[in-house]
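Okay, so chain A shows up in both of these, paired with chain B first and chain C after.
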Partner chain A sequence: MKHKTDCMMQNIAGENLLVPLGARVLDLNGLMTLNETAAFIWALLDQERTLDELIAAVAERFEVPSAVARADIQTFLAEITRLGLLEE
Partner chain B sequence: MAPTLSSLPITIARITIALTSPLAAAQMDIEDRLGAFFGVPEQPLRRVALCWQESTQAPVPLGELIYDPGSIWTMYRGGGRYYAALHYPAEDGSSQTQGVLCANPSWDELNLTEHRHGQRWQSLLALGAGELILRTTILFTEGLVLHASGLDDNGKGIVFIGHSGAGKSTQAELWCQEAGVTAMNDDRVAVRVERGSPRCYGTPWGGTAEIARNHAAPLAALIVLEQAAENSMELLAPAAAAPLILARAFLPYWDRDLMHLALTNLGEILSRVPVYRLRCRPERQVVDLVRSVL
Partner chain C sequence: MTAPGGLPTEYGPLVGELGRRAIERRQPVNGTFELTERCNLNCTMCYVRQPAGHAALRAGELSPRAWLELTLQAMENGMVFLLLTGGEVFLRPDFFEIYTPLTRLGLLLTLFTNGTLITDAIARRLAEAPPSRTEITLYGATAATYEAVTGVPGSFGRCLAGIEALRKYRVPLGLKSTLTTRNVGELEAMRKMAAAWDLPFSAAWLLTKRRDQAPCGVAGCRMSAAQCVELEATDRASASEWRERALRGAPSENEKNFYCAAGKAAFVVNSRGEMSPCLDLIQPAARPLESGFREAWQEVQAFVDSAPPLAPLCRACEVRDYCPRCPAFSVLETGSLSEPVPYLCEIAHARKERYGPHSE
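And now, the complex of A and B:
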């Protein structure tokens, strides 16, 4: 899986903002702010990744058990899937 | 025989638009809106060449549609250039493309092609085309155009930010009655950090109070307006201010690289300028409250 390209993440004043581009502006109501974990996962999804790759990367980066990483990732994936930001 | 081209520099927020056109400013009917901005300051930060051309019929944008904000223009891209098709309702009620603004990637070589028609024709340079040129070229000078009203309170530039109806024009009108206050604009204000010092600039495009002065001031604060039953003012952390300002900035959503520039500029502005949230009633006491804080 990877994220769609009609959004960009940029850190502004310490805040990771997910900003829509092009046609996406009209159907995404406002901006999303990503916490550190979400921003890390979003950046990973610049490229095609498997769920296992995401879990391993998050577990290592934040020094958390795999089960915790999996839960965080699934929450975030559900959110961006709901918003249509994940490539099918 | 080639027509004689007239040259006219127009400078807004230290960006000089060097217009060449077979028509004089009066024929283009741009003097009322842009006349106060004719000329070149000593040190413009950027110079863009704008060539105006006439089309005998409605001009057609090239390339593929990349962004349609549902506004007065739509953006196309093709052959490494941007084409903004501008369409205003005509006198007969129809809405066809009346002008196409073509820009190179760095937005410093521009062509505006327009179809002149009707008795009261006015070049879109005085309207949406000029505004689109400013809001995009300013990105290359570390600036942004905000949906805001701006004023100079005895040497302190204050910019009130808000959506339509939030009270931008009301603030401009309230402050105008105070000694030492010059209202710059009540709808579109340019801001940027210049060698570490934030400044704000009036633009030619005013709002309901039609305030549009060629005036600049050191920028003391950005103030996000909200109507409320009681007056209060709080300082916002930059992280909290970023999404609020972003939602009220005129951004180039049609291009990733330009967006990156815009967001970088916003970050720089937020690192230098305090942002407040002002909840207020439309009354004179607000002036004292703001002055007591700044």
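And now, the complex of A and C:
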């Protein structure tokens, strides 16, 4: 999986925001902020990744057990799927 | 409209908070590009007001390539919000050559226009990659009043057609009005027009003199201070803000001369490529395309940081909490960055009378 390319991550004063591009402006109301974990996952999804790759990377980067990483990743993936931001 | 020199407020408290942090970090998060000073309308109260056919101004306007170069440099330094304004932006036949590349960069774009040049084809093209927000200024609710303000026959009908075209293609849109003695009687009717279209509406009536110091008719357009405060009270949000502020008795935010984001998190580049803290100020006219963005941004910050403090009269003023003065207003009215502005003093007194502790 990877994220779609009609959104871009921007940084304001240390906070990460997802900014819609092109016609996507019409469907996304407002801005979405990403916490550190979400921003890290979003950046990983610039390229094609498997769930296992994401889990391994998050577990290593944040020094958490795989189960915790998996739960965080699944919450975030559900959210961006709901917004239509994930490539099928 | 955006707060002068501030962040667009339509994204709510989150952006407000980020804006405050951007000011602390001096991140130039909020840019404004004035693509042209020229306009096809001719409103007496306008602070820019240059004729559409002004050949010398036109010749000095930055090219699409230069705007893109500037945008990329500004983004490297932290720009996220970008307002495109004029003059009238659609007077530029190369508007889409400027606009389209900017829609691919991850900016939150806002567009200010009078709407009169927006055709079906332009609206359709905008909808392919629309700005997060477009704002059209209404100068009246009837052709007679609108055209008495703009001085251009037929402009009311063209503005309505522009609004309809943007609505047809679902381009995010809001309406606003600049109120003068001529059109203030149609404020309610304009509010109703916006409500019928289901569009947000706001009005502004603090008119400034022309930025180029040329003689202007703004004095005849301004309402009296009492009338301004009366009007403000018809806007529930600002009336309750003043009431709340009076109750809180909070010390004023404008201890410093520059108390907004201008020159701290916001900047403007005019059609010739000169950078200043806000649309009303032409100084220090830094040259980002020659010196590089970073250096120009530093020059703009230094200009704001070295501004003189409040004038003694303002420092000792008992109605300062109610006063809308800022350095740009002072410059336009008095030529100095800090002198009191008598018209605004009257407004501050009228506000205190209405909302202050003795008003019950």
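The rule is simple: the second predicted complex is superposed on the first by the 88 of 88 C-alpha atoms of A that agree within 3 Å, B and C clash if a C-alpha of one lies under 4 Å from a C-alpha of the other, contacts with A are read in each partner's own complex, and residues count from 1 in each chain.
Criterion: a contact is a pair of C-beta atoms (placed from the backbone, for glycine too) under 8 Å apart; a residue touches a chain by one contact, two chains touch by 3 or more.
Everything quoted here is computed from the prediction, not taken from an experiment.
When the shared chain is aligned, chain B and chain C each come close enough to touch A:V19. Residue contacts after overlaying the shared chain place A:M8 against chain B and chain C alike. When the shared chain is aligned, chain B and chain C each come close enough to touch A:L31.
For the contact definition in use here, the residues of chain A common to its chain B contact set and its chain C contact set are 8, 10-15, 17, 19-23, 25-26, 30-31, 33. Within the complex formed with chain A, the chain C residues making contact are 11-12, 14-15, 18, 21-22, 24-25, 27, 29, 78, 80, 103-108, 127-132, 170, 172. On the side of chain A, the complex with chain B involves touching residues 8, 10-15, 17, 19-23, 25-26, 30-31, 33. Put simply, chain A touches chain C in their complex at residues 8-15, 17, 19-23, 25-26, 30-31, 33.
By the touch rule above, chain B contacts chain A in their complex via residues 66-70, 238-243, 246-247, 253-256, 259-260, 263-264, 266-267, 270-271.
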